[in-house]
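First chain written, first letter: the chains are A, B, C and D, and each begins at residue 1.
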Amino acid sequence: MKLTSLVRKILLVDLVKGLKVTFHYQPPSEAITEQYPLERPVIFERFRGQPRLNSNPDTGESLCIVCNLCALACPEQLIVVKGERNPATKRKEVVSWTYDLSRCMFCGLCEEACSTDALELTQDYEMALYSREGMVLDQAALERGQEPERYAK
Amino acid sequence: MSERTDYLDLDTKDETFLDATELVLNMGPQHPSTHGVLRVILKLDGEKVLGTECVIGYLHRGVEKIAENRTYAMFNPYVDRMDYVAAVSNGLGYCEAVEKLLNVEAPPRAQYLRVILTELCRIASHQVWLGTHALDIGAITPLFYCFRDREEVLKIFEKYCGARLTTHAFRIGGCIYEAYEGFEQDCKKFCDAFLPKLDEYEELLTTNRIWGERTKGVGILNPEDCIALGVTGPVLRASGVKWDLRKAQPYESYKDFDFEIPTGLNGDTYDRYLVRIEEMRQAVRIIRQAVDGLPQGPIMAKVPKVIKPPVGEVYHSIEAPKGELGYFIVSDASTQPYRVRVRPPSFVNLQALDKMVRGLLVADVVAVIGTLDIVLGEVDR
Amino acid sequence: MGQNYLVVDSSIAYEILLRMRQDELFDYCVDITAVHHPKREAQFDIVYILYSFHHNQRVRVKTQIKDGERLRTAVEIWETANWLEREVFDMFGIEFDGHPDLKRILMPDGWKGHPLRKDYPILQQDQEWVHINLGIESGQ
Amino acid sequence: MIEYIKGYLSTGTTPGEAGNLFWATIYILLVIVGVSVAVLCMNWLERKILAHMQIRLGPMRVGPHGLLQPFADALKLLIKEDIIPQDADKLVFWSAPVVVTMTAFTTFLVVPFGRTHAVTDMNIGVLFMLGVSSLGVLGIIMAGWSSNSHYPLMGSLRSSAQMVSYEIAMGLAIVSAVLMTSLQTGTGTLSMIGIVEAQASQHTWFIFKFFPLGFLAFAVFAIAMVAETNRAPFDLPEAESELVAGFHTEYSGFRWSLFFLAEYSAMLAVSSIAVTLWLGGWMRPFPSLLGGPAWDMAFSFLPALTFFVLAAGCFLGTIRMPKIPQFRVQTIGLGTFGALLGLVGLVLLVPAVSVRVQDIYWFVVKVAFFMYLYIWYRGTFPRYRFDQLMKVGWKVLLPTGLGVLIATALWGLMPQLSAAITGVLQ
């Protein structure tokens, strides 16, 4: 036993074993790099990304009923919803809706609090901007969703 | 920054050009292998370490103060940001502590889901540790293999709760996300694929003579020192103390599973490496058992919408990948916790650094920092 | 389980802790922390969370002190108390007698105020320190 | 002019031997350009091979498959701000990279790329190479000391200790190879060309001579040379995770690139020594086993064939490029590069060229093998600690080298010894 281990030590078996591992990983097919703008990463359904305000697809009306639950649930208090009761329909309507993306930590608590599925964290993930100003999203931007800058010509 | 010279009691009175034997080396906060913004001031004689002092707090965000100004549910995502490589464990500890305060218990299915995710997270955390630890010692390649396999864990996290790193996976009272379709298969597939990969890491490191020489006998901590310094987790177990909160004070459904607690003999860096590698194997074992025995049923206990625990205080701790992660919560019957104290394993373990590196060489300092497996987000909170 | 605690007077706190360590074999000091109750006369609760490997038991030892009162350090009993007490000092301003190296640990040296006291608002910062050391008006 | 070149080429000597200053200058320029190009290639290859070992792709954006990355890097380094630390010793700081680069290039004076493809053939060639290449450590110490910073200082101290201890083991291994040259002629040689010719006349590479003695000496040298060039797993002077960047922590821009250049050319230089001493230098494999004009003919096609294979690889790459407009330039570029390589291959088919280029080709192939080993080691092994490195040097390599040297001498003297013993017995 002692002898075999000595022989193995002299023959550098341990080092050769390591070399073998790195050697057989060389074929390009083993590479796991994603060439990002060309290859888009797979985003799963539950991903919490860019927020979006949904509207009713039939009527185009916003689903938001200005209940303010999301604003209350937000740990960072970055959602500000102001609404007014419309005398005609007796329903509250959105006056201003802002979402400060720069402070958001995508915990999903607002999405869970929303009682009408109006606020949703979508699968869009390309949120980087050159300035902080663009990070405060208003209702129009939230309803439009993400329009990532196209780097391709 | 304000200059301080009294970090180490340097004997400067008769320091001339020739007998200036002591060298003060400032390692960090910007240094490749301090795992974040740790600053270690080393007092050296040549390359031999005479003493160290850690300067921490560069990543201090006042998590405990934030907790006092948030409701119980709102604070949940913040704990993910402490030990950001093992966010799921942090969330588990916090949710359980609040549940204890509320005197509710998560339903069995939620408990199993929590166990599966926490053990996956343990694997992910240990893989980050292994990769960076090997990188510190000069082997650059294991890092990439580890991250490749960790990616599979993160994919499961993303599919399950929508985030990869700061997961916010659990809620007070259970889990909010039901296991997605194919969750069991994904976990099993990962377990099957992961074990051969683990053998591969071992081929690269365990038997390698350079790895052995760099880690064996380096940074020895004996059990008495470990206990006196409050060191927990794999570091304690590598010193031969068979103590794991999952067995000692089982929480969640850990008592249902059959697994071993690996311990070391010498308490050196090599033993800590072996203990963590074995822990990954045991985690795979737990995941397999939990996936097979995943019960049906609700995943959320009855918890009021507005969480208002009775007046009281609770200390609850879990076995995080780094050690004992405890939450001490004082409630004054309002919606916000009166005081949340986090007992971070990295912070306490880091204290052992000085004892471990005295008399070693500079190269060992990085090996020891690596083997302590600290995350500065947790040290500084 | 594990939620036992005992409240002791600050004058005998050290002796009790020593007893706990030596006679009751609570050999592992899990955590030392404090809670601030500004409305009480004895403003601070100091909480020692102890664990015994022999009994697999956890216990909390609590003692109350007034602002400015000093407590004897537990470093001689458990080495781990060193940084934990430093953190309590840093966050609450409670000083420990006989501590080998009592200075700020998380906040920068020279910072004014102790952030985890209840009278320290969440948005407050040491403007002067920020101005001197970072050269900016506000760190926020 | 052509007549003159032809006339010179037919002399069959190195310019140094011929005392031809003009040709020597040309050769020196060729060597400098060649080494620089090799370093550029190494830069790309190292990043690519290492990346693939680490299941990455490596540079992919600058040029097709990152082929232009070394040029982009070089350009970036050239136009980068040149920073000299305030407290640095300016003169020493300035001269350190120059010293390192100069010594690294000077060693190539005696490297025999072929029978006539060397700048000069010194009769103390090996000594010259060893001596000059160990001067490089001076530059490293200068860099470390003049930076006036702890990390570079520690890096350079480590470097000097390391070089001193491994130089001895290296020297012993070299001496045992030099001893082997004296076997048939009775007089050994230190000339690099002479050593290769000795291998040719003994019909064996020295690595197989006196098996396993030749191999052992080679192994000692192969380990020592990795340590000598500060490469993984002996890269302590620039141990990234401990000393940030070691002796060149404070260097940036062009000065840093000089260190880079020097490191890689030193790697090439010591590999050249190894190739010359143990792997038959410019000789093609199996010159005696697979001898004869037919085999000569077959082997002479290999250089061209290599280029054709590379060209084919490029064309394959163009086919596998993503078919989108943004990649059109890259695809065309890769195709052109492939065509260029194919053209070189065609030129190499011309008998007159192929005969002259063969030597260089085999030499480069052997050196390239060592370069691959360097990268492979770096991708696999952890780093030694300082004291362990010393232990390996003094307690393992030095005794082995010494033992091999004595054993080689005894084995070489075997005929005389046995004659003497039988004489005594009779």
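Note that a contact is a pair of C-beta atoms (placed from the backbone, for glycine too) under 8 Å apart; a residue touches a chain by one contact, two chains touch by 3 or more.
On a predicted model such as this, the values are computed, not experimentally measured, just so you know.
Identification of common neighbours of chain A and chain B yields D.
The interface holding more C-beta pairs in contact, when B-C is weighed against A-D, is B-C.
Between chain A and chain C the centroid-to-centroid distance comes to 39 Å (mean Cα coordinates, whole Å). The mean-CA centres of chain B and chain C are about 23 angstrom from one another, to the nearest whole unit.
Chain A and chain D, compared by their mean Cα positions, are separated by 50 Å.
If you average the Cα atoms of chain B and of chain D, the two centres end up 45 Å apart. Shared interface positions of chain D, defined as residues touching 2 or more other chains, are 53-56, 379-381.
Chain contacts: chain B has residues 141, 148, 204-205, 208, 210 touching two or more partner chains.
The multi-chain contact residues of chain A, meaning those touching 2 or more other chains, are 15, 18, 21-22, 32.
Screening every pair of chains for touch gives A-B, A-D, B-C, B-D.
Residue ranges on chain D touching chain A, taken from their complex, read 49, 51-57, 60, 322, 324-326, 376-377, 379-381.
Put simply, chain C touches chain B in their complex at residues 1-3, 27-31, 33, 35-36, 47, 49, 53, 56, 58, 60, 78-80, 82-84, 87, 91, 104-110, 115-116, 118, 120, 122, 132-133. By the touch criterion stated above, chain B contacts chain A in their complex at residues 70, 73-78, 81, 141, 148, 151, 155, 158-163, 166, 168, 176-177, 180, 200, 203-205, 207-210.
Contacts from chain D toward chain B in the complex involve residues 50, 53-56, 150-151, 154, 232-233, 235-236, 239-244, 378-388.
By the touch criterion stated above, chain A contacts chain B in their complex at residues 9, 14-15, 17-18, 20-22, 32, 44-48, 73-75, 105-109, 112, 121.
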